[in-house]
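Please find the structures below.
Shared between the two complexes below is chain A, which has chain B as its partner in the first and chain C in the second.
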Partner chain A sequence: MRRNKLSNAIILVVLAVLFILAPLLYPNQSVPFQMMAFMTLAQGVNLLYGFTGYLPFGYVGFFGSGAYGVSILVLLLHWSVIPAVIGGGLFAVVVALLLSPLLRLSGAYFSIGSLAASEIVYYVVSNPNMQNITQGPYGVNLAGIYDPNTSYYAMLVILLIFTAVVMYVKNSTFGMSLLAIKEDPVSAAMAGINVVRRRVAIWLASAFAAGLVGAVYGWYVSVFYPSSVFDLTISIFAIVFTLFGGGGTVLGPIVGTIVLYGLYNTIGVSSPQYFQLIYGLLIVVLVMFLPQGLTSLLKRRGINVP
Partner chain B sequence: MQSRFRKGTLWAAAALSGGMLLAGCGTTTSAPASGPAKTKSPTAEISIGTLYASTGSFATSSMPEYQGLQFWINQVNASGGTYVKAAGKKEKIRLVSYNDQSSAQTATSLYNQLITVNHVNMLVADFGSVLTSVAVPIAQEHKQLLFDQSGTGTTFFTPNNPYIVLTSLPTSALWPTSLANYLISQHYKNVAIVYCENDFDQSQDQTLTRLLAKAGITPTYNNAVPTSTSSYTVILHNMAATHPQAVIELGYPNNDISFMQALQASGSTFPTTFTIFPGQLPSLFEKNFGMKGLNNMFTYPAPPLFTVQGVNYGMPIAQFAQAFKKQTGSSPNFLNVAGYNTGLILQKTLATATSLSQKSLRQAVTGFSGSITTLDGKFQINNQGAQIGETLPVGQFTVSNGKLKVNFMS
Partner chain C sequence: MSTFLFAVVSGILFGVFFSLMAIGLNFAFGVMKIVNLAHGDFVMLGAFGAYYALSTFGINPFATMIMEIVVFLVVGVGLYYGIIPRLLRSDDPEMLSLILFFGISQVIEALATLAFGTNPVTLPTNALGQLSFQLFGQAFESSWVISFLVSVVAIGLLYVYLYKTKMGIATRAIMANRDEAAASGIDVNRISAIAFGIALVLAAIAGTLTPFMLGGIYPSVGVNLTITSFSIIVIGSLGNPIGTVVGGLVYGLSLLLMQTYLSSWANMVPYVLLILILLIKPSGLLGKGARNA
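Coming up: the complex of A and B.
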C-alpha cells in the first residue's frame, strides 16, 4: 500500500514538473496543452472502460457539452471563468445523467448507442433554433476571457486531479467492486454490490472529466464551432491512447498518450499518409499481440504497473 | 518485489520524459513545404506561414487555395523576389507550411508553431471558417496579423481585434445580396430555401430572408438541415409541395452535389434553382452532372468564370489562367484564384508597409484598402478587417454550341 502511494506520488510529481517545464523549454504551448487534454480524456475513458468494460465511442459528447457549457455560463449568465469551467464540467454530468439509461446496454451496443447519443447532443447544440443559447452553427467567440497561460495551468490541475482519481479508484474497494461488476455483474450483485449505482457513479465521473477538459479547451481556444468540439476524432484519440497504453492502470493512458500523440506530432503532421499507415499497423499489432496494452509487457515480466 | 516495483515507476518516469521529448521534437522537425523552418530574419527573406489540409473534409477546398498561394510564391521568387519597402529592396519568399489534416485541434498547435517557433513574418490561415477560427485568438494574443483567405465567420471580425484581414471573399452575410435582388426583380412570391446548419450557410439564409422580407416576400419553405446531409430527396419533395417559383439550396460543395443528384433523380423542375458552388467549382460539377445537368442552374459565378474589369494589381484572369496551367498543368478554379489573390494582398502589403512589425503591416493594408482591384475583385476592408469590396453576381448556366456558358443576371 505504501509502495503504491509512493509510486503514485512519483507519477503525479513527474507529470506536474514536466508540464510546468514544457512551455519554458518549448515555446509552442499548444503541444503540451493538447497532450494534457488528451491524457485527461484518456484517463476519463480509462475510468469507464478500464474499470467497467464500457467503451464510449461517443465520449466526445461530454467534451463538447463542457465546451458549450462554459460558453453558455460566460456569455449568457456572465459567470467568471473558473466557476464557469466547473459549471461546464457539470453540464457534461447533467448530459451523462440524462444518458445514463445507455448503461442498460453492453458491449458494442453501448458503444454505438453512446456514439448516437453524442450525435444527438451535437445536433441539438448546432441547431439554428438554439441560436439564442448556443449560437447554433455560428460558433462561439469567448475572446473576452481568452487567457492561454491560465487555461494551460487549469488543464494541468485537471490532469493531476483525474490521474489521482484513477489512482484512488484503482486502489480502493470502490474500484475493486467495479472490476467485480465488469467480470460478472450478476455475481457482484449477489455479493451485495449495488451494480447500477456504482456504474452510474463512474459514468458520471468519467463524463465530468471530459466536461472539464472540454470547458478548459473552450477557454483555451476561445473561438470554436460545434463541429470542432464534437469532432469524433477526439473520442477516437482518447480511446486509442487508453487501449494502446493499457486500460485499468494509471500509467497506461499516460504512456499511450505520450507515445501516440508524440508520434502524431512527429510524423502525423508532415507525412499524414505514413502516419495513418503506421498508426493502423500499430493498432493491428497491438490488438493481435498486446490486447491489454503496452503496460501488459511489464506485467508479463512480473513488474507491478501502477 | 520492491525492486520490480521501483523498476516499474522508473520506467514510467523515463517513458514520460522520453515521450514529452518526442512530442516536442516532433513538432519542431515537421517538415515545411519548402525546406526546414528557420527563425525570423528580417533582411534575408520573407517567411510566410500557412496551413493546408491534404486529407479530411476540407481537403478538396484547402488544397486548391494552397496551390494558388504556392503559385504566387513561385512567380515572385522566379522574378527575383517581391519588393519589400521596409528593406528597400526585393526579397524572396519562403513558405513554411504544415498539414492540419482538416482538424481544428491540430491547426491550433500548428498556428502556434508558426508564430512561436517558426516566427514567420506573415501568417496566412487555412481554408474556411472552421480551420481559421482557432487562428483568430492565437494571432490576436501574439499580436500577429492573420491574413484570412476564406474564413468568413461572422464572429471573427470584432472592433477590438485589429489583427485580422479577410482577403479573398466577402463575409458570408454579404453573399446573397445579388441573389435577393434577382429574386425580387423577378417578382417571385413563392421561394423555398433549404440551408445547412453552419455559420457560412445560415448567415446567408438570414441575409436572404431579411432582404426578401423587405420586399414583402416570405419564403414558403425555409428549413435547416445538418451539414452532413447527403440525401435531399424527401426535402426536395417537401419543397416541391409548396409550388415554389425559386428553389434555393445553400450548402457546401458536397451538399450541392447531393441536392443536384436528388433533383436529377426526381425529375422536378422549377423556374429558378440555385446552388452556391457550381459557379466556383464548375469542373467538379460538370464531372458529376455533365453540361446537361448544369443547364439552367443558377449560381454565384466567380473568377475564372467571369472576368473582373479594371484590374490594376497582379495578373488579369486570362493571363493568370495561362500561367497557372503552364506551371501546374491544370486549369485554375476559383479557389486557386483565391489563394493567388491572397498572395497579391501580401505582396501589396510588403510593398507598402514601412516596417515588418505587425501593426505596420495592418496599417499598410488599411492604407491600400479600396484602391486596388485584382482578378478576384475590388479589395476593400471595413474597420474590423472584413472584406466588403468584392461582390458575387448571380449567373445562370446555359449550354450553347456544346459549351457551358454563364449568363449574368445581376
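Coming up: the complex of A and C.
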C-alpha cells in the first residue's frame, strides 16, 4: 500500500511538472492542452471500461454536453467562468443520469446504445429549432471569456483530479467491488454489493470527467460547433488511448495518450487517414496478441503497474 | 392524403432495402455471436465499387454486383479464417470482437479515404435502369423500385439457402448451438466461414444499391450505416432473419414519415428507435426470451 502511495504521488508530480513546463518548451500551447484533455478523457473511459467493462462509444456525448453547458450558463444565464465550467460538468452528469437505464444493457448493446444516445444529444443540440438555446448548427462564440492561459491550468487541475480519482478507485474497496461486479454481478450482489448503485456512481463520475473536460475545452477554444464537440473521433481517441495503454491501471491511459497522441501530432494533423490506419491496425494487433494493453507486458513479468 | 400514401409506399420500398443492408450483420451475429462493427464500411466499399465501375469503365451496376459477390465472398472467407477462430477461443469473444471489428472499420475507412477522398460522390439515379411504377396515382423513382426488387430477391435467396439447402440447415444448427453442431459432425469453421462470406456479400449487394437510395457516398458514411443496420436488427430481434425484414420496415416507414412531416428531426430516427427498443423491449419485436450479445 505504501509503495502504491509513493508511486501514485510520483505520477501526479511528474504529470504536473510535465504540463507546466510543456508550454515553455513547446511553441504551440494547444498541443499540450489537447494532450491533457485526451488524457483526462482516457482516464474517464478507464474509470468506466477498466473497472466495469462497459465500453462507451458515445462518450463524446458528455464532452459535448459539458461544452454546451458552459455556453448556456455563460451566454444565457451570465454566470462567471469557474462556476460555469463546474456547471458544464454537471450538465454532463444530468445527461448521464437520464441515460443511466443504458447500464441495463451489456456488451455490444451498451456500446452501440451509448453511441446512439450521444448522437441523439448531438441532433438535439444542433437542431435549427434549438437556435434560441444552443444556436443550433451555427456554433457558439464565447469570445467574452476567452482566456487560454487560465483554461490551460484549469485543464491541468482536472487532469490531476481525475488521475487521483482513478488511483483512489484502483486502491479502494469501492474499486474492488466494481471489479467483483465486472467478474460476476450475481455473486457480487450476493456478497452484499449494491450493483446498480455502484455502477451508476462510476458512470456518473466518468460522465463528470468528460463534462468538465468538454467545459474547459469550450472555454479554451471559445468558438466551437456541434459537429466539432460531438465529433465521434473524440470518443474513439479516448477509447483507443485507453485500450492501447491498458484499462484498469493508472498508467495505461497516460502512456497510451502520450504515445498515440504524440504520434498523432507527428503524422496525424496533416494526414489524419494515415493515423487512422495506424491505430486501426494497432487495435487489430492488440486484440489478437495483447488484449490487456501495453502495460500488461510489464504485469506479465511480475512488475506491479500502478 | 396522397403525401401520406407516398410516404408509406416509399417507406416500404426503403424499408426492404434497409432490411437487405442489415441482414448480413444479423446473419453474422446469429452464426458467430460477433458484432461486425465494420459492416457499414463493407456496404460503403460496395457502393464505391459501383461508383468507380460505372463512372470510370461504364460498367452496369448489375454487372458490378456480380463481380462484388465473388470478391466479397472470398474476402469474407479469408477474414474469417484469419481472425475469428482465434477470437472465439479467447476469454471474452463478444467484447474483443467488438473492439477488433472497430479496428477493422477504422482501417477500411482510412484506406477508403486515402483512395477516394472525403468528398461525397453520387451516381445518376437512372443508371439502374428504367421501370415505371405507379401506385395510388403516384409515380415512384424507378431506382427505388429496382432496389426494392433486388432486395426482395437477395433476402429470398438467403431464406432458400437457410431453409432448403443442406449447408443452410448446418448453418442453422450452428446458430442454435455451436458446440453441439460441432459434436454432430458439422464442419463448424467451414460453414461459419461461408456464412461470414455471405454476410459480406449481402452488404456488398446493398452497397451497390446505396448510391441510388441514399445519395452521396463518402468513406465515413460507414459508421452511420453500421448504426442504422444495428438499430434495424435490434428492432427486429437479433439472430432472426425474418425479424430483420420487420425491423427494416419499421425503420423505413418511421424514417419516411418523419422526413415528410418533421424533416428537421428525421436524422434522429435510427438512434431514437434503437434506444427505445433497447430500453423497452430489448429482445426486439419478434424476440422470444432473453438473449446475449
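Going forward, the second predicted complex is superposed on the first by the 299 of 306 C-alpha atoms of A that agree within 3 Å, B and C clash if a C-alpha of one lies under 4 Å from a C-alpha of the other, contacts with A are read in each partner's own complex, and residues count from 1 in each chain.
Assume contacts are C-beta pairs under 8 Å (C-beta built on N, C-alpha and C of every residue); 3 or more make two chains touch, one makes a residue touch a chain.
Please read these numbers as outputs of a predicted model, since none were measured by experiment.
Colleague: Between chain C and chain B, which one touches more residues of chain A when both complexes sit on the common chain A?
Modeller: B
Colleague: Regarding the shared-chain residue A:Phe241, is it in contact with chain B (first), chain C (second), both, or neither?
Modeller: Neither partner.
Colleague: Could you say whether A:Trp79 touches chain B, chain C, both of them, or neither, answering first, second, both or neither?
Modeller: neither
Colleague: Of the partners chain B and chain C, which touch A:Ser7 in the superposed model: first, second, both, neither?
Modeller: first
Colleague: Taking the superposition on A as described, I'd like to know which of chain B and chain C A:Ala117 touches: first, second, both or neither.
Modeller: After superposition on chain A, A:Ala117 lies in contact with chain C alone.
Colleague: First (chain B), second (chain C), both or neither: which does A:Phe230 touch?
Modeller: neither
Colleague: For A:Tyr152 in the superposed arrangement: first (chain B), second (chain C), both or neither?
Modeller: In the superposed model, A:Tyr152 contacts neither chain B nor chain C.
Colleague: When the two structures are overlaid on chain A, which partner does A:Phe162 contact: first (chain B), second (chain C), both, or neither?
Modeller: Neither: A:Phe162 stays clear of chain B and chain C.
Colleague: Look at A:Pro128 in the shared chain and tell me whether it touches chain B only, chain C only, both, or neither; answer first, second, both or neither.
Modeller: both
Colleague: Is A:Pro291 in contact with chain B, with chain C, with both, or with neither (first, second, both, neither)?
Modeller: Second partner only, chain C.
Colleague: Need the overlap of the two footprints on chain A, from chain B and from chain C, as residue ranges.
Modeller: Correct list for chain A: 123, 127-128.
Colleague: Mind listing the chain A positions that touch chain C in their complex?
Modeller: Residue positions touching the partner: 53, 55, 101-102, 104-109, 111-113, 115-117, 119-120, 123-124, 127-129, 232, 236, 243, 273-274, 276-277, 279-284, 286-288, 291.
Colleague: Please output the residues of chain A touching chain B within their complex, sorted ascending.
Modeller: These residues of chain A touch chain B: 3, 6-7, 10-11, 14-15, 18, 22, 25-32, 34-35, 123, 126-128, 135-141, 143, 146, 148, 221-225, 227-228, 231, 233-234, 251, 254-255, 257-259, 261-272, 298, 302-306.
Colleague: Sort out for me which residues of chain C touch chain A in the complex.
Modeller: Touch list, chain C to chain A: 35, 83, 86-87, 90, 92, 94-96, 98-100, 102-111, 113-114, 223, 227, 230-231, 234, 264-265, 267-268, 270-272, 274-275, 278-279, 282, 292-293.
Colleague: Quick one: which bits of chain B touch chain A in the complex? Just the residue numbers, please.
Modeller: Touching chain A from chain B are residues 1-2, 4-5, 7-9, 11-13, 15-20, 22-31, 54-55, 98-101, 103-106, 108-113, 116-117, 129-130, 133-134, 136-138, 140-141, 153-156, 158, 160-161, 196-199, 201-203, 224, 226-227.
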